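Quick heads-up: structures coming right below.
Below, chain A partners chain B and then partners chain C, in two separate complexes.
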Partner chain A sequence: MSIIREKGSKRKALGLIAYMVFVLLPIYWLLNMSFKTNEEILSGLTLWPNDFTFDNYITIFTDASWYMGYVNSMTYVAMNMVITLLVALPAAYAFSRYKFVGDKHLFFWLLSNRMAPPAVFLLPFFQLYSSVGLFDTHLAVALAHCLFSIPLAVWILEGFMSGVPREIDETAYIDGYSFSRFFITIFIPMIRSGIGVTAFFSFMFSWVELLLARTLTSVEAKPISAIMTRTVGATGIDWGVLAAAGVLTIIPGVLVIWFVRNHVAKGFALGRV
Partner chain B sequence: MSLKLENINRTVNGEVYLKDINLTLEPGRLNVLLGRTLSGKTSLLRLIAGLDKPDSGKVFSRDQDVTGLSVQKRNVGMVYQQFINYPNLTVYDNIASPLKLAKVDKATIDRQVRDIAERLSISQFLSRFPLELSGGQQQRTALARALVKDADVVLLDEPLANLDYKLRESLRADLRDLFTQRNSVVVYATTEAQEALALGGHSVLLHEGQVLQSGPTAEQFRQPVNLNSANLFSEPPLNTLMGIKQGGELRLAGLPAVVTLSEHLKALPDGEYLFAWRPTDASLVAKSEHDIELLLDVDVAEISASESFIHTHYRVGQSTENHSWVWQIQGVHNLPNDDKIRLHLSSQKLFVFAADGKCVASPQSKLSELSILGDECG
Partner chain C sequence: MNKTPNNKAWWLVLPVFLLVAFSALIPLMTVVNYSVQDIFDQNTAYFVGIEWYQEILQDERLRESLFRQFGFSFAVLAIEIPLGIFVALTMPKQGWQASVSLILLALPLLIPWNVVGTIWQVFARGDIGLFGWGLNSLGVDYNYTANSVDAWLTVLLMDVWHWTSLVALLCYSGLRAIPEAYYQAAQIDRASSWSIFRYIQMPKLKGVLVIAVLLRFMDSFMIYTEPFVLTGGGPGSSTTFLSQTLAQMAIGQFDLGPAAAFSLIYFLIVLLLSWLFFTTITHMDKDKS
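Moving on to the complex of A and B:
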């Protein structure tokens, strides 16, 4: 009986390892390529860089046209996260604590906004931002991304806020707290998991979104994802630099996931993620 | 220093929450709001706290009209049924928060926090966070926070409801001592008559948003103004039966025998009344000439510790009129369903209600004789 069980668990472990290898292979390949020269990449498949080089990374870190792509991306992503939280926190509080005419409809409408693909809004955003002088600014991309991240943030935060008993708010007022002091010193720390989860989702959306970011920028605020397409030049594709840029694009996402992993797990447990 | 409510009315979405409330709540005693769920207890507490505003009427504290005053500006403390504390603050900071907001100096805050924590036996938990404590300790923290700022009014909304029996007992005794020594108006809302009686003091009986009666708790227990009042002090509710009093005789519906009138029924004018016994007033053995013997069908018998709750039904004569009664009898009586039970009910224990529901006669029993109180009557 135990032999059968052992065989079964070994088979499961093998299956799991095979799956992991399959999933992680592209990431490994990207990493592998980023340490190779273009000649080695084009000469055939090698599991490990024969001619190990950091040149691709050096190119990115020393060439402003490359690293500014990261700076631009991080700037509008950070702006998007801050604006999203600043707008969504009071909005979610209102949905969670007050009843007003059309509150349920409005809440659903917010979510339905998410259902439209970003491409739908390309033209209006482009024309609007061009006419008010926002084109090719970080704010333009951040605001455009807010259209998608704020509804989701309100929805996530409302779930967390509704989990906090109203009596906490009332007790605070009875104790003498003003609304703003209560909200900042008592309430926000109580929903920090929700804020972590919200920040994570708005980061993820904004970081990986390409269409709006590329259309609403040209030079000054061009994101890394748009710059990566630049490697197609007269001499062909600069595979090594492209791979290094890909690796560097993954890192911020990994770091964010690392920092908010506990909050995301809590968010899943609370059922709003 | 008293708290006065004048002609308070509050309606929400067409539903009457409070109607014509006129009350004076005094400091130095426990003012108990006794009422079933949705009777208006919490609505009244919220209104006193300033969390809600009345549609009409006024609230006076220390002879000043505070009706329009914001909750932050009223010197009030409140404890809820749930254990409400600030989870991100330590027990010390929780208790200190109202004092910090009132800009009291650090040394005074420290002294007052440690003093109240000592009195509520939570001194050793001051550096912990509320969620690391047991339910009783969490509720003590909430109480400490409500008491530390020496509020004019302390509101307690069923503060012991979520605690186990032993904790309730010990905390209830602490509360009685704590509050009777203070100069605050203390209002304690509860659904449980036993708790109201154990706390003593004055009670306000609430039913469907209206005050049925108010006064010393023991007095209200003995002399309810109507059936609703009497039922508030009785869980399960009173067992009722129509009857006619004529001359020196009393005939209860369906009973062939004429009931011997006890003293408190003799002065009753002739007429038809609703007669009622508390569920605790039945006995398995005859005790006096005033006893009425009833043979009842048992629906189900529930054993609860050393008491039995016997669910019975009684058919009035040959008619289809059927009364479902629950009797609370001392001892373990494990009766099978559909069995019969012979109970003795004394006419001395009868409550009598007129057609309009008003109580016209109540038994002259002493509070200490009433078994509902158990050992708590003291």
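Moving on to the complex of A and C:
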């Protein structure tokens, strides 16, 4: 019996390893290419850079029009995260604790925005943000990304908050806490893992989105993903720099995932696992 | 949990409502406005009523991309859901191996979507890409920029690479919710691994699978950036999905009226699906309590 099981688990491990190789191969190829010169990339296939070079990264870090793309992306992602958390926390509390007129409809309407195809809204978005004078600012992108990050945040937080028993609220009120004091000093610390997950998800969805970010910016707030299209020049595509820029966009995600690795799935399930 | 009725709770929700309304309602009204007018330039527009709606329902190109879209979404589901379940079943349950595989799995989900397109654009090329080169040297005639079947399969493979992790992560957390005692009982009964899967794991996975199927369906239904970068919609229009057709109409050709009208139909399809999603989940929550 145990022999059979061991065989099964070995086969299982092999299957998993095969899938992981499938996940990592394209990323490895990008990484490999980012350390090559363009001549080497185009001259033939090498599994490891023969002529190992940091030139592609140096190009990015010394050219303001390149690295400002990262700064811009980081700026609007951070703004989006702060705005989302500030407004979603009280709203999620309201949804998890109270019944009020139109609550179900409001909840569904919020959710439907998470599902709205961005291509539908491109042109109106452009016109709206131009008319209020926000076009080409970080705030415009942050606000536009709120369209899908807020519904998601409300959902995830509501899931976490519903796990906190009501009695805690009531005890705090009996002890004479005001709502804001209770909320900040007692309630928020209790759901901090939920807040972490929410922050991670609003970071992530804002970081990976390109369509809206590109439409709402031209020069000042241009995101890195839009700048990447620049590598297509008169002499063809600058593959090395393109690969290096791609690798640099992966790094922030890898850094933050470590902190929420145990809660990722719960977040993807909108707090409902 | 029983909730207290309290209409003052609206004050807590108000900021969210205003922010989302600003970014959702105003653009939506603009789209509605476009869809009933013929617009020549900024100051000249004529009210045309439902003419655009009649026109787009006859439009061959839109209908084709809608069918292509449904085909793609179903192919995505048919591959990613079983593969995701399989990966979740094979993942280690604890220890550093579990952490490492969780992080590796989440990796594709954290890459900006256009970079996903770029990665595959490079990876699948016959001259400089490992995948394309490998296939060619195995004697397979593969070229995603010229052959529309290859292009379609490459987009599909890219989506599988990008999103199967989501299904796997959801299933993994569903599996973790099964108490160890169930497995011990199964071992005493000498249950085969198939019946463990069928009678213990599958029922527990149902909930997360509903979420996974609906999320994957809706997100693949809105796919835009990745195929846009990878194939640009070509060759021909073999990988031009719905969002891209719409964006081409609205921005490329400035056919605002028809694009807006079709956007609304598109939005209604998605809305219907979201409603389905929402009611399923609320029912699940009800069953739980």
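In the analysis below, the second predicted complex is superposed on the first by the 250 of 273 C-alpha atoms of A that agree within 3 Å, B and C clash if a C-alpha of one lies under 4 Å from a C-alpha of the other, contacts with A are read in each partner's own complex, and residues count from 1 in each chain.
Basically, a contact is a pair of C-beta atoms (placed from the backbone, for glycine too) under 8 Å apart; a residue touches a chain by one contact, two chains touch by 3 or more.
These numbers were taken from a predicted model, which means no experiment stands behind them.
In the model built by aligning both structures on chain A, chain B fits alongside chain C without clashing. By the touch criterion defined above, A:A88 lies against chain C but remains apart from chain B after alignment on the C-alpha atoms of chain A. Look at A:Y173: by the touch rule set out above, it reaches chain B but stays clear of chain C. Judged by the touch definition given at the top, the superposed model places A:I58 against neither chain B nor chain C. Of the two partner chains placed by superposition, A:V21 touches none, neither chain B nor chain C. Between the C-alpha centres of chain B and chain C, as viewed from that of chain A after superposition on chain A, lies an angle of 90 degrees, to the nearest 10.
By the touch criterion stated above, A:I186 is placed in contact with chain B alone, chain C being left untouched. A simple residue count on chain A separates chain B from chain C, and the partner touching more is C. Closest approach of chain B to chain C, taken over C-alpha atoms in the A-based superposition, is 10 Å. Put simply, chain A uses no single residue to touch chain B in one complex and chain C in the other. Residues 1, 3-10, 12-13, 15-17, 19-20, 22-24, 26-28, 30-31, 83, 86-87, 89-92, 99, 101-115, 118-120, 122-123, 127-131, 133, 161, 165-166, 169-170, 172-174, 177, 193, 207-208, 211, 215, 218, 221-222, 224-225, 242-244, 246-247, 250-251, 256, 263-264, 266-267, 270-271, 273-275, 277-278, 281, 284-285 of chain C are the ones touching chain A in the complex. Listing the residues of chain A that touch chain C in their complex gives 8, 12-13, 15-16, 19-20, 22-27, 29-30, 33, 41-42, 45, 47, 83, 86-88, 90-91, 93-101, 103, 106-108, 110-125, 127-128, 143-144, 146-147, 150-151, 154, 162, 166, 204, 207-211, 224-225, 228, 239, 242-243, 246, 249-250, 252-254, 257-258, 261-262, 264-266, 268-270, 272-273. Against chain B, the residues of chain A that register as touching in their complex are 165, 167-168, 170-178, 186, 189-190.
On chain B, the positions that touch chain A within their shared complex are 46, 49, 51, 71-72, 76-78, 80, 82, 84, 86-89, 97-98, 101-102, 142, 145, 149.
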